[in-house]
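Take a look at the structure below.
Chain naming follows the written order as A, B and C, and within any one chain the residues start at number 1.
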Amino acid sequence: MENTQQTESKIIELKPFADEMVVNMGPQHPSTHGVLRLELKLDGEVVREAIPHIGYLHRCFEKHSENLSYPQIIPFTDRMDYVAAMNQNWGFCLAVEKLLEADESRDFEVPERAEYLRVLICELNRIASHLLSFGTYGMDIGAFTPFLYAFRDRERLLLLFEKVCGARLTYNYIRIGGVSEIIPLEPGSITEQNFLDEIEAFLDYFEPLIDVYNELLTKNSIFAERTTGVAVMSAEMALNYGATGPNLRGSGVDWDLRRDEPYSIYDRFDFDVPVAVDVPELGSVVGDCWSRYKIRMDEMKESVRIVRQILAEGLPSGPVMADLKAVRPPKGEIYFRSEAPRGELGFYIVSDGTPKPVRLKGRSPCFSALSALQELSQGLMVADIIAIIGSIDIVMGEVDR
Amino acid sequence: MDKYIRNIYRGVYTVLVGMRVTIKQFFEPNVTHQYPYEHDYEKKRNVREIPKGYRGQLYNRMEDCIGCKKCEMICPVDCITITGTKLPKGEQLWDSMNIVHLKDGREAIGIIEGDDKKAKSEDSVTLTNITSRQGPQEVIDRLEPSGDAGRIQTFSSDEISRIVTRNPVVFYLDQFDIDMSLCMYCGLCTEVCPTECLTMKDTLAGVEYSKFDRSDLIFRFDKQEMYNKSGTEDIEAAD
Amino acid sequence: MSDFRAMLASPYFNVSEGFFPNINLQDGLNWAEEFIQNVVIPRLPEAVAAHFPVELGTVLVMFGCAGIFVGVFPLLPLFLVLAERKVAARFQNRTGPMRVGPWGTLQTLADGVKLIFKEDFIPPQGDKFLFLLAPYIIFACSFAVFAAIPFGQNILVSDFNIGIFYIMAISSVIVMGVIMAGWSSNSKWSLLGSLRSAAQIVSYEIPLGLSILTIVMLVESLSMQEIVATQSNGIFSWLIFRSPFTFIAFFIFFISAIAEVNRTPFDLPEAESEIVAGFHTEYSGMRFALFFIAEYANMFAVSAIAVTLFLGGWEGVLPGYDILGGLPGFVIKTLALVFLMMWLRWTLPRLRVDQLMNLCWKYFIPIAFFNILGTGIWGLIFPEDTLISTSISCAIIYIGLIAAYKVAGRSLAQRPAPQPS
């Protein structure tokens, strides 16, 4: 008798007819791309609210940098967006180089060969990053095979990076004033020729595969059903949230820093900037998950084009490192942004003339994109949340820094 | 109705196209590396080769280390600990060795005959007492020069890309510890090393050195033995 | 010798003019009886021989067969799991498990041993009784299905007169186990998974049942053996080619069956990337293994049912080529369908819940009803399965496929791909 009374009172406490179920998706969850925690308020399968909680991968990058000299910071930028570490290195080095240029007393220019190597390696890195994005997106949607195809091809790229800088993931290759010389790539030598031949072989192998992957996943009607029309981010909303890169172009805004604010030697290459359009056959509208995903697939083709142009020209000879005795930027501050695979990567550096920055701030494209998740996910289903996270392509290492 | 039938069409069609893609891959050769097993170098197939210059475990050729502490300073994570005593001015233990980097990627360690600082501008460079880069046995060999004629080699200046000059060893090193559990493999320390004695192993041993105890990952490079062998009375006097 | 002649005259043997002798179980039973009567009894003491049951041989052979059944079926999933992993590996240019045993063939066994020794965790806040009961319900139901599947001429446990109805009924009970597992785990992911599963299985039972109904209408029997018996005249007598409507029904049946066994593209109840592992999130050790075994046994079972209903069961491609009672042919056909399931699984992404329901209620069920209507009309026009009806049916199927290919090619392939502006 007592027992029944207890259960009854318990039921009243639990409010069995509560209409919302709170579920913690993550930080340990198969498809939150790292350690993102989403607090989902569910009504059945329908998401009433999705609140992202970040910070599980916070490593105090910005504060830590204040105690490190500029060359020492580069390995830490590797750890930000670890699937596109070359681009992160480059973004930081570009900012510091810009700061150094302000010093009148120092005649300093990044050598031509280094610029070519930077573009070459970073575009390959962009392919690697987009491949990973494509693969994991397929896996999020439930197709496991594209994931392994993507990793199979990415492996070949990683072997190339390994040959040029000695590491597979955290490259520390692009340095202030040039590129690393850990593994010398003598101009005109057989090593260089082999390296370029291997890149060419990879491109010949990979370029037709993009269309195969489009057949396998992009145009698949189930995949299209899952991703088209889901989580439409209008151009206005994308701009308001500061979404950049493929996410912004997926919303139909024609903006690419490589073309519109060309840094390094991007103005010498001929490439298109893919922008999302409505695809009525598949039911896709500008700004939905499918558009964002498709931009990445198209960008891989453009990166292949850029790399092919470099291979056709050949690498110029000369040094790969500018003659910089010590990196000691003049007093001042700089904000420089570059187009990383996930969007605009910005670095804000305040220098007081010492070898260490006074303040360093990284502008992470993933963080801005992730902030739109809460608004995008209103009223969608649990499965759509996965589709959104995959389509905005976040890397938690960069979000949390 | 048109849309209804078209949806069925598209569903069936795209599924069949996808199936065609996967069945093509079904008959492709596999790309798997049977990782630990096929590292057996006698079995050549599918061997995952570690490329030259791979950033593996740090190794220090202690006899060439001059104790300049540049690596300790540049290390972003402070994984290198060096303590030592500097000799009085004008005294030195010995000179570090020359390293000749060739354009094809090879390198030779030895002592250049004559003035090594001007060797780059000369037509040919003769390197005596060539040793390989790693291993304790070679360390001892180098300290007791045998004068073997087979270990002398001459390189023409066309082959040479870079020469590392000799530096006097003026530090009595008590401790040179590298905590590989902290190391982030950025390779900055190997770049600043003036004698290029601190290197990263690009061999299998440099990639796989997992230990059961974290403290075993602190590699202690010891120089005591060498001091005894080369007669270190002077040093004790200096202390 | 005279028995052998009688055997030759038996209905099982007279069709076999092919390359292989036709050995079937009935022969085995006859032989056992003969053996007891002619060899064993004369050598026994007379007192015993007079009362010695002649049927003992038959009984022993039947026990032997039953032993094979009991022994083989739990081993089937072991084989299928390995096959799945190897097939998946091939589709992805991998090698799959390679370490345990030669080419990793003992990997499943090793996994089984691991699962047995794992901690059997029971959620303390959950409903313990239901939590313990659920895996057994699912396991028992998925194996009970095998009782009515004819693996060969005489290789089946029981030829019910309501065989296919029994299979439908018993496989519907699985959903009870799934809901019990999801509810009792006291985990939100499990609950979501089990409710998804309930909705999915209940919905897909309908097109499944309707497409079975088209077969039952033509065969006019629910008995599995009778369904097989109508398909005994080679490949064109198989029910899939009996009428254009059964051809469509086969695909509806097969796709719904994939949904019934929760495999990609319909693996929502255990969608790994969405709800971790669905209804068996909280299970570990041997209880998880029971779910796993049941899943693969189910996969084999639905393929076997599809083969029985549409692809001639144990009957051969040509009439009479049913070696060893048709068992090898049956297994090959079933494994081919299992391979098709694996192929689909490693190609396709996953549907969303509402799209899954759309597919069922807007596409499969109307088409299945249309099928039933068509089958009724077809049955009126061609009451008997004759050469003419089969040729007409095959011609319609052929023309339909070609037309569909052409139309699809025009409407899809030639449409210009969207160009980014």
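The definition used in the following text is that contacts are C-beta pairs under 8 Å (C-beta built on N, C-alpha and C of every residue); 3 or more make two chains touch, one makes a residue touch a chain.
If you're wondering where the values come from, they're calculated on a predicted model, not measured in any experiment.
J.: Average the C-alpha coordinates of each chain, average all protein C-alpha coordinates together, and give the chain whose average is closest to the overall one.
T.: So the chain nearest the centre of the shown protein is A.
J.: Contact counts by the stated rule: is the higher one at B-C or A-C?
T.: Of B-C and A-C, it is A-C that has more C-beta pairs in contact.
J.: Farthest from chain B by Cα centre, which chain is it? Let me know.
T.: C
J.: Between chain A and chain B, what's the gap in Å when you average each chain's C-alpha atoms?
T.: Centre-to-centre distance between chain A and chain B: 31 Å.
J.: Can you check how far apart chain B and chain C are, centre to centre, with Cα atoms defining each centre and the answer in Å?
T.: That gives a centre separation of 59 Å.
J.: For chain A and chain C, what's the span in angstrom between their mean Cα positions?
T.: So the centroids are 46 Å from each other.
J.: Could you tell me which residues belong to chain C and also touch two or more other chains?
T.: 91-94, 346-348, 412
J.: Chain A: which residues touch two or more other chains?
T.: 145, 149, 152, 216-217, 220, 222, 281 - these are the residues of chain A that touch more than one other chain.
J.: Which residues of chain B are in contact with two or more other chains?
T.: If we look for residues of chain B contacting two or more partner chains, we find 7, 10, 13, 15, 18, 21-22, 25, 31.
J.: Across the complex, what residues on chain C touch chain B?
T.: Touching chain B from chain C are residues 89-95, 98, 343-344, 346-348, 363, 404, 407-408, 411-412.
J.: In the complex formed with chain A, which residues of chain B make contact?
T.: Those residues of chain B that touch chain A are 7, 10-11, 13-15, 17-18, 20-22, 25, 31, 51-55, 74, 76, 101, 103-105, 161-162, 184-188, 190-191, 200, 202.
J.: For the complex, give me every residue of chain A touching chain C.
T.: 21, 23, 29-31, 45, 138-145, 148-149, 152, 216-217, 220, 222-223, 225-226, 272, 274-279, 281, 298, 381-384, 386
J.: Residue numbers of chain B touching chain C in their complex, please.
T.: 6-10, 12-13, 15, 18-19, 21-23, 25-26, 28-32, 34
J.: Under the stated contact criterion, what part of chain C meets chain A in this complex?
T.: 88, 91-94, 188-189, 192, 196, 264-265, 267-268, 271-276, 346-355, 412, 415, 418-421
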